[in-house]
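Going in written order, the chains are labelled A, B, C, D and E, and every chain counts its residues from 1.
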Amino acid sequence: MRLRIDEDGIRNVVEEAIGKSLTACLQCSKCGGGCSHSEEFDLTPRQVVESLLDCQDQNVLDSRMIWLCGRHCSGCQAVCPVGLPLNDIMAVLREEALKLDIEPKYEQPSLVYHKFEHCAKHRGEGEASESMVGGETQPA
Amino acid sequence: MLEQVKDWDDDFYETFKPIAMGFVNEAEKCLQCGKCTGQCPAAAVTPSYNPRKIIRDLVYGNVKRVLSSVELWQCFFCSGCYSVCPMDINFPFFVFMFRLAAMNEGYGWEDVKQLEGYAEKSYLKDGITVSTFERNPFVMDNIGDISKIRVEAGLPPERTVSPRGIAEINMISDLSGMTAFMKQIGGVELLDCTTCTDEQAKRCKTKPMPSKVGKIKTHHRYYNYGEPGGKKNAEAR
Amino acid sequence: MSKKTLVIGGGIAGITAAQKIAQNGGEVILIEKEGELGGNFAKLAYTFPVLADAKMIVTREIQTAKATSGIEILPQTELRGVSGSAGDFTVELNSPSGTRSEHVGAIIVAAGFHYMEPTAYTEYSYGRSPKVVTSLEFEKMAAENRLPKGNARVVFVHCVGSRDKAKGYRYCSKICCSYSAKHAIMMKKANPDSKAYVFYIDIRALGKGYEEFIRDAMEVYNVRYIRGRVAKVIESGSKLIVRAEDSLIGNPVEVEADLVVLASAMEPPEGSRDLAGILGIATDEYGFFQEAEVNVRPCHSSKSGIFLAGSCTQPMEIASAVAMGGLAASEALTLIR
Amino acid sequence: MPRLDKVAQIPKPEQIFFFKSCVASNKYPGIEACGTESLRILGVEPVESDEQTCCGGFVTFANVAAPTASMPAVARNLSLAEEKNLDTCVVCNGCWTFLNEFGHFMNNNAEVKGSVNMMLNMMGREYKGTSHVFHIAEMYYRLKDDISKHVLRPLKGVKIATHYGCHYLGGGKYSAIDDAQMPTYMEELIDLMGGTVVPYAANRECCGTGFTQIINGKDLSLDHTQRKLDSVQEADPDMLIVQCPYCHSQLDRVQQQLNFRQGVNYQTPVLHIAQLVGMALGLPVSQLAFAAHVSGRERLENVLDRVGR
Amino acid sequence: MADNFMEEYGKETSRDVSMRTKKYFSDLFSLEMPLGRMMKMMPGMLKFMMHGKDTREDLFKFMPQMMPMMKEAITGKKEG
């Protein structure tokens, strides 16, 4: 999707809480690279910061990353060349998610790339898009 | 499981260039600058289509991911990316070639099947790709018979191609192997999801890989470029 | 053996070369095409990496040059013809008051550069919308305090004309990353509640203190850096919609902006090929003057006795232009002593 | 701005081979009727031939036909024009791109040309590559002085928005007569004929057909076309001018489909450049064949009343 | 049914996939005329010949060109 970028969204809440601007992030992915549990997470800390800056709040709040990261390990925060307090960022995001009563997700994430869910019957969507029906179809 | 870089075929792109006879060139010059995706109309409406990533995967040799992806079939072919590319990479030619390669791997036949009518029923039978066939009820009753309008406009009621012209393109299609290509498409069977019966569901492609449908094993395509953080991936299994 | 040197071009490189030669006992004829000295440096408001006041530095340099004895400054003068060889050139200088021929021992070319007019970039609606400006115009706007007020959003676009085989030059203009950061900081200083966005592919901060300067822009001044080259700038009503891809996330993004600043490429000055023809020295494929040997003899042109200085050889920042001016001066001094 | 050196290369022939497009003939006959009639008025005699089949490019790029099948088909069509040694005039961006793209491809690739000619010799035809392919909008721009001489219905007070289409400008990055991002030759033609040009934000966006997306990925196509139509509706033009029958078909019919599916109300008539020039040159209303249009018919009638039947 | 493309391909690496793709395209775009391909063209020519008198004459006019290609296809060596 094309994202419309502006300055509001929960990034302001996060920035006030940690007192540092998220634009300081170097996007060097040292945090994601160094993380020992990256297989279990669906987002790396870098992607969390970049999504917050891109106003993809829903994506971040729905992800599993904010629930599991930073609870007992601070691998990413230790290596960050800019010194962004990633654990506090995750903590603030957890509070925000709870405020929006999003229930926590601790289970194993589903695999990285997912199925093509086009089958109307199983997805419960009424009208499969016309184009799926066979026979000659029209340009418009 | 994570992707292994040792899985990739590094010299795929270099060895493929001479074979593709000029349709595939200049991709090694790609700056990965993102200008194509920035202006791409398809990338604006789809969750995960990204021309820059497809070019990157082709030059890196990650052929599996490109050919088995749904995104390869979401390109609008508007060559806007070619018009803004600082390195003049003709991306629609890449999509055209790698859709053929994906079909050779067994992907995408369900999309091509829907276009079979244009090639077999219209192009080879009466020489014109888009016939006067109408399916939209509003258009049928408001516009009615197009030949009446053609006569009013001073044109012959129907546009016809001479029988000899049709014979000639049929021969061209036989000689160049298009007819053999069309037979393969014939083998694909499309099921109507809205009136899906259990028996039909059994043979449907969302099930574990159906037995060969005609001569073609229709593989199931995946969203290979969806960002891991995408909403769908967050649902726990 | 004449003891004089001809310096072509009154920019910072030419002024430095003239001063160094005059301070070491040589005599200099400094010719400048425009009315007064300063060249591109005079058009700036601040310099990076320390946001020093450019106007003050330029006027000081010009004063010292005028004050030094042994430098003859000829404004609105152009070189018409050159003959002779190293150590003994006769040059014809053409000025509104008539032509004049001189005997000089060495020639230093410091013709400077020119910002490319991005008219070929119609996808950025340059020329169609008054809100899309080049970096030079932004400097003028900053100097005349015409920057947008209120919570305006300003977008800075890197690599317009550079690193582009189709519509521009293939080389990188080296200083756009730094001066875009400078512009962003100037914008933030002039209007604290404005928002600044910079679209980049790679950040090339190649000097002392440049990286820290750009990092300050990100950390202290909250300038948002997005990795992705701007694909389109569309006029929609009074606003401009800037479209690009945030390639670190993989999604196309859209920013509504009030002002778009294009960091256009540094190309050779107009007429650089004719000047090279008059002097009889080689130029490279883009029209910059060709050095004899890129690594070890950067100041020597293809003809002995003619030396090159400043950004007429390649895109370069002020510090290197000054350094090269000094080097060209010392080369010339070896000839005319 | 139009590349004037390219425009100068377009000759002003007495006769030209008029290449009929499939969507134009079978869905919007007004394009073909006005195209031929307006060229005749401007002094260029269009020559048509029943032997000419479809450009074969659609079936190829839609991967329904093998690529090796389309080059002989394109060569065969061009050989028809070469028999009468005429240049070719197409009305559709798609035909222009395929005839040009494969035409050039064969010209600088000798063995491919040899094997294609081997196939064509079986039918007694031969592809030499001498016939140049021009778009009808290029011809109009080349003959714009004649157009201004022959205008009988000046389009005074008609607000017209333009849509250029992707294949001609995007695909023809170096061979089209205008640059891909800020083309103005249609605006100049409209000013010439007295109309007022209405700019809108999504002017250079794709029409949304996506070549096969309207059939395979219909939701993506409708979504994109809706964004374009919203931007057109903001500018509220009297009509939208296109240069390709496929864009014409998409922008015209999807308005009705969106009205039906989402209850919105898009009523902008869509016209091909040939129909606009035909209207300005005073062709009879029956020949403009507005009856074949799906949406915006009342607005079209009201424009005709204003401009004069 | 596999959940993503990595499981789908299992042990197969991109190298095997690219071998298949390259072989497919080299057959598709090859311009030589081996005997097999000549044979595949026969039905198309016959249908064209059956179509009408004028098409039959054109094909016969083409015959002299056909002979060297046939010889070359059968013997498999380039001559002349």
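What we mean here is this: contacts are C-beta pairs under 8 Å (C-beta built on N, C-alpha and C of every residue); 3 or more make two chains touch, one makes a residue touch a chain.
Just so it is clear, the model here is predicted, and its values are computed rather than measured.
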Query raised in the report: For this structure, which two chains have more C-beta pairs in contact than any other pair?
Result: B-D
**Report entry** Chain located farthest away, centre of chain A as origin (C-alpha)
**Finding:** E
Query - Whole-Å separation of chain centres (CA-atom averages), chain A against chain C - result: 43
Query raised in the report: If you average the CA atoms of chain B and of chain D, how many Å lie between those two points?
Result: 23
Report task. For chain A and chain E, let me know how many angstrom lie between their CA-based centres, rounded off. Result -> 50
Requested in this report: Among the residues of chain D, pick out those that touch two or more other chains and give their numbers.
Outcome: 23, 66-68, 112, 122-123, 173, 180-181, 209, 215-217, 253, 257
Report task. Spell out, as numbers or ranges, the residues of chain B touching 2 or more other chains. Result -> 1, 21, 43-46, 84, 88, 100, 114, 118, 122, 130, 136, 164, 168, 171, 173, 175, 177, 206, 220, 222, 224, 227
Report summary line: chain A residues touching 2+ other chains are 1-2, 47, 51, 56, 110-115, 131, 137-139
Report summary line: Contacts from chain B onto chain C in the complex sit at residues 29, 31-40, 43-44, 48, 50, 52-53, 84-88, 225, 227
Query - Residues of chain D touching chain B in the complex - result: 20, 22-23, 25-27, 29-30, 32-33, 37, 50-54, 56, 58-59, 61-69, 72-73, 76, 105, 109, 112, 119, 122-123, 125, 166-167, 169-171, 173, 180-181, 205-206, 208-213, 215-217, 220-221, 223-224, 227, 253, 256-257, 260, 286-289, 291-292, 294
Query raised in the report: What does chain E use to touch chain D in their complex?
Result: 28-29, 31, 45, 48, 55, 57-59, 61-62, 65, 69
Query raised in the report: Along chain D, where are the residues that touch chain E in the complex?
Result: 66-68, 111-112, 114-115, 118, 121-124
Report summary line: Contacts from chain B onto chain A in the complex sit at residues 1-2, 43-47, 70, 113-114, 117-118, 121-122, 130, 133-136, 190, 192-194, 196, 201, 204, 206, 220-224, 226-237
